[in-house]
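In what follows, structures are represented as structure tokens.
Two complexes are shown next, each including chain A; its partner changes from chain B in the first to chain C in the second.
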Partner chain A sequence: MIVLRLALRSLRNRWVTAILTVLSITLSVVMLLGVEKIRAGTKSSFLNTIAGTDLIVGARAGDVQLLLYSVFRIGDATANITWKTVEDIKSRPEVKWVVPISLGDSHRGFRVMGTSREYFEHYRYRRNRPLEFASGEPFNNLYEAVVGSTVANELGYKVGSEIVVAHGTGRVSFGEDHKDKPFRVGGILKQTGTPVDRTVHLKMQAIEAIHIGWEKGSAPRGDNVRSAEQVQQLDLNPKSATALYVGLKSRMMTFSLQRWVNTYKQEAISAILPGVAFAQLWKILGSVELALLAISTMVVFTAFLGMIISVLGSLNERRREMAILRSVGASPINIFSLLLSEAVVLVLAGICIGVFANFIILYFGRAMIEEWTGLALDLTLITSSEAKLMVGIFIGGVVASIVPALRAYKVTLSDGLTIQT
Partner chain B sequence: MPMADAVPAISIADLSFQFSNNTRSFSLKISSFKIEKGERVALVGPSGSGKSTLLGLICGVLSPLDGSVCVLGHHLEKMSGRERDRFRANTIGVIFQQFNLLPYLSVLDNVVLALEFSKHRHLSISNKQSKAEKLLTFLGLGEAEMRHQKASQLSVGQQQRVAAARAFVGEPPLIIADEPTSALDQDRQAEFLETLFSQQKANDATLLMVTHDLTVAKQFDRVLDLRDICDLSKNQVAGS
Partner chain C sequence: MKLNFKTPILALALAVQTLGVISVEASERVLDAHEHGVSKLKLAQESNTIIFELEAPGNDIVGFEHAAENDDQKSAVNEALSQLQKPELIFVLPADAKCTASNQKAEFETEEDHAGFHVTWTMTCERPAQANAITVRFFEIFERAEEVELEAIGNSGQVAIEVEKGQAKVDISQAIGE
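Then we have the complex of A and B:
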């Protein structure tokens, strides 16, 4: 008790150094917690990019590859699925709903995706949140597009803006585009923090329509040219899809349908469980965040090093003080505890203020962070994984505090009542 | 059972002590000497002869290599470090030459500090404080505002008197002082000695004080020259 009281008084006496030391520990803790919050937030938002979909079906490929193009619109499918196959899957008894998607075109660097109206109903993210419209509504007619929030923000689109789809997915157009069939923005989605934000959605039929006459792979010429109006008279039912989002009547049926798909004879297709594929992909990406965490842990230990240096530095001028304490009966262990508790008080103060400061920053900055990055961070004082981290930091701090305390112990043993030089 | 008064305050026999670090080594040998209870003894000797070392041995912060150090009938060399610390807290009051006080504590808390590690530590805070206040008043540091000043704001003379108050609080039977007057001018010196003696008398304590000043030494019951009691061998490797 007396030792702790002395420690607090002594710290108050050297308050400038004490506050600076606490500040450096606080800053490092805020940084560590910030990294941990962002890591947890990124992970949960990543793993929840798509929810409510039980299986994703595409041309036979690796799980991660299928996930990359069907959900993240990264890379391309090796092949499409014919509509006959789509119908076969639709008619399976396990299936509740099927949403087809069709990829291949782009608009000023953003992927264009053909889909059906049901997409806006069944697509879920972040534990079952549906897509919401900031303005407008799902496609009412063939030449209407629904754009994600990033697309709308970056290109300044409002409902009614006119857009032209480029053929292919290159950022630089090859000069081949579908300008003869312009689209009107019919709806703008709210921000989701998922690849949906960066997607231009068209009807499956619209994808068919703009490619009428492109069967040879280049822009139609002469007799093959059809106007936007003429095309509407033709059969625009989709002939193929790039991938399918499949919802099942019961989760229990997932594996039986997956087996059926993977052994489907007519076409080489495969089905993946989004959750499993996400976990595989996260293993690859997770190491980056581990590195971030490692760096911020090092920052914390740098702060501890600063603390050790400051306490050690004060030790020489405090030998007088230690001799006085010995003279009134303090044992070397008391001296050790005094120095230890001073350092532990600094560490504890640094951690507590750090946790609190992090909460304050999160409280006021959360909305801004979500607006800028689409990353939704949970507003919690401390999560269990963060608490574990803090316990680890505290133990590290105590171990660091032992260094100057041990030094003081040795010094006071040899000094006794008179300072030996 | 020997009579209580027959037990000397300090008795040392066949003591040998050795100290060495990277800059110097030092050793001290004392065959025997005694200080009776209630005696005022001035310890003199050239600087570096081991006066402070001897005080350290008597206080139990240093351990002899061999021989016995007996304080008030207790053999320090047979005690553990922890026991010696406890013993010192209860039985010995120490005054240094200078810088006796913790700069971050108030005058009052500096005096109370001596009770915090002793058998008086279980007293209530107000009890400890009233003990300390009584002593401060007796030593002429009565003003209430001074008690709550930081120790570092006092003059050297005042600081030494606070140190004396701390040494005497809790009424330890043995007072050890290491040149407590050397930082004071002539008038303050006399004043301080008077305080020291009167308090020693009031407590019926034994006083062992190191001094360089022969006029100071003369006022003691006995002057003990370290050169007379020890076989000194000093070995300077480098520096002082």
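Then we have the complex of A and C:
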């Protein structure tokens, strides 16, 4: 106990160095915890990009590929699903709802997606959050679009703005677009932190409408030209879909319907469990997680190095103090434990302040982070995995401080009661 | 600058390079479900009921993938079936969950070019929240088996886990819960 009291007094005596050391440990703890929180938040928001959908059906392909184009709009489908097949799936007894999506066009770098009104009702993210409208509402008529929050922000759209859809998905349109059939922004969605933010949603029928006369692959000419009004009179029922989001009456039926889809003879289609495909995808991204952790571990390591340097540096000027302690009866072991307890106090203080500071930052910054990045971070003082990290830091800190403590032990042994120079 | 889920997107970009490989792997699995050494276990939970489905290639259980041709093979199949009649003793839920097994059904299915075991069963649990892990005794009983691909969907979400030989316990709390 006397050692601990001595340690505290000694630290108070060297308070500038002590505070700086604690500060550097605190900063490294804040950084490590921050990275850990962001990592956990990214993972959970990524894994929860889509929820409430039991199966996603698309052209037969790998699970991850199907997930990439149907949810992230990355890459393209190998084929579309014919509407006859869509009807077959809809009429299965297990199926509660089917939301078709149709991809292939773009608007100023953002993907355009055809879908039905039910999309806004059934799409869920972050466990069970539905899409919400910041303004406007789901499309009521053919030439209305619903845009994600990023689309609206970056392009400055408001309800009522007019937009023209480009043919194809390239960033630069080949001068061929659907300008003869402009759309009106009818609704703007609130930010979700998912690919929905970067999507322009149209009705399935609208996708059909803007492509009437485009069967040859280029803009219609001469007799094939139909005005926006004329098109409305035509049969606009969709002929195909890129993918389907499927909701089931009971979760128990998921695997049997998946098997039915995967062995569907008339067309090569497959069904994936979104959660399972996300887990597969996240496994590929595991190295990124590891890199983040490696960087913050290095920061912690640097903080310890700083601590060792400052204690070692002070040893020489403390030789007289050590000698005095020895003269009043302290053994070299006492000196060793004195230095060790000083370090333990510093490390502990650094960790506690760090954890607390991290919580404060999170408490005040959470809303702002969510607004900027769409990342919802959990407000917790410390999770079990973070606690493990902190224990690791503590052990690391104690081990690191053994170096200067041992040095002091040796020096006091050889110095004895008088300093030999 | 607005970040907007760019972190996952960035990570995705890194992953795209490897995707060619991945998709080939996944589509092969669709075509050839009877990969040697790999069995599939599927769990679906609704409130306090969990249904299980196990598909194991014949090779993993009895060492051949065709209809039993001689007495030795017939008795091997029968012995395997008698063990698979009690699948709840092979994939064991925690005792705390207080689950009872029912509807156990085990079959040896032979087709033209392969044969395998198909087992289904139902567990009804008093405390489904505790049914968050499986003790796997499959590899002890069937030594030829190398891997079980586990997919679980339930009250807490969906999860996919590859269980390798030697792994005794699997955490399924991401899917199965209250």
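By definition in this document, the second predicted complex is superposed on the first by the 420 of 421 C-alpha atoms of A that agree within 3 Å, B and C clash if a C-alpha of one lies under 4 Å from a C-alpha of the other, contacts with A are read in each partner's own complex, and residues count from 1 in each chain.
Everything that follows uses one rule, which is that contacts are C-beta pairs under 8 Å (C-beta built on N, C-alpha and C of every residue); 3 or more make two chains touch, one makes a residue touch a chain.
Just so it is clear, the structure is predicted and the values come from calculations on it, not from any experiment.
Colleague: Clash or fit: chain B against chain C, after overlaying the two structures on chain A?
Modeller: Superposition result for chain B and chain C: fit.
Colleague: Figure out whether A:Ala330 sits in contact with chain B (first) or chain C (second), or with both, or with neither.
Modeller: First partner only.
Colleague: Consider the C-alpha centres of chain B and chain C from the C-alpha centre of chain A, and write down the angle between them to the nearest 10 degrees.
Modeller: If I round to tens, I get 100 degrees.
Colleague: In the three-chain superposition, say which chain, chain B or chain C, touches more residues of chain A.
Modeller: The partner with more contacted residues on chain A is C.
Colleague: Determine, under the contact definition given at the top, whether A:Leu375 touches first (chain B), second (chain C), both, or neither.
Modeller: second
Colleague: Which of the two partners, first being chain B and second being chain C, lies in contact with A:Arg9: first, second, both, or neither?
Modeller: In the superposed model, A:Arg9 contacts chain B only, not chain C.
Colleague: May I ask you to decide whether A:Leu293 touches chain B, chain C, both, or neither, giving the answer as first, second, both or neither?
Modeller: neither
Colleague: Touching A:Pro274 in the superposition: chain B (first), chain C (second), both, neither?
Modeller: Touch status of A:Pro274: second partner only.
Colleague: What is the contact status of A:Leu155 with respect to chain B (first) and chain C (second): first, second, both, or neither?
Modeller: Neither: A:Leu155 stays clear of chain B and chain C.
Colleague: With the two structures placed on a shared chain A, what shortest C-alpha distance in Å links chain B and chain C?
Modeller: Least C-alpha distance: 50 Å.
Colleague: Quick one: which bits of chain B touch chain A in the complex? Just the residue numbers, please.
Modeller: Contact set of chain B toward chain A: 19, 21, 23, 52-53, 55-56, 59, 61-62, 81-82, 85-86, 88-90, 94, 96, 99-105, 109, 113-114, 116-118, 121, 166, 178, 239-240.
Colleague: Tell me, which parts of chain A touch chain C in their complex?
Modeller: 38, 42, 45-46, 49, 51, 54, 60-65, 68, 72, 74-75, 127, 150, 153-154, 193-195, 197-198, 250-252, 254-255, 262, 270, 273-276, 278-281, 284-285, 287-288, 372-375
Colleague: Help me check something: in the complex, which residues belonging to chain A touch chain B?
Modeller: Against chain B, chain A makes touches at 2, 6, 9-10, 12-13, 320-321, 323-334, 414, 416-418, 420-421.
Colleague: Taking the complex as given, what residues does chain C use to touch chain A?
Modeller: Touching chain A from chain C are residues 2-9, 11-12, 14-16, 18-19, 22-27, 30, 42, 44-46, 49, 51, 53, 151, 153-154, 157-161, 175.
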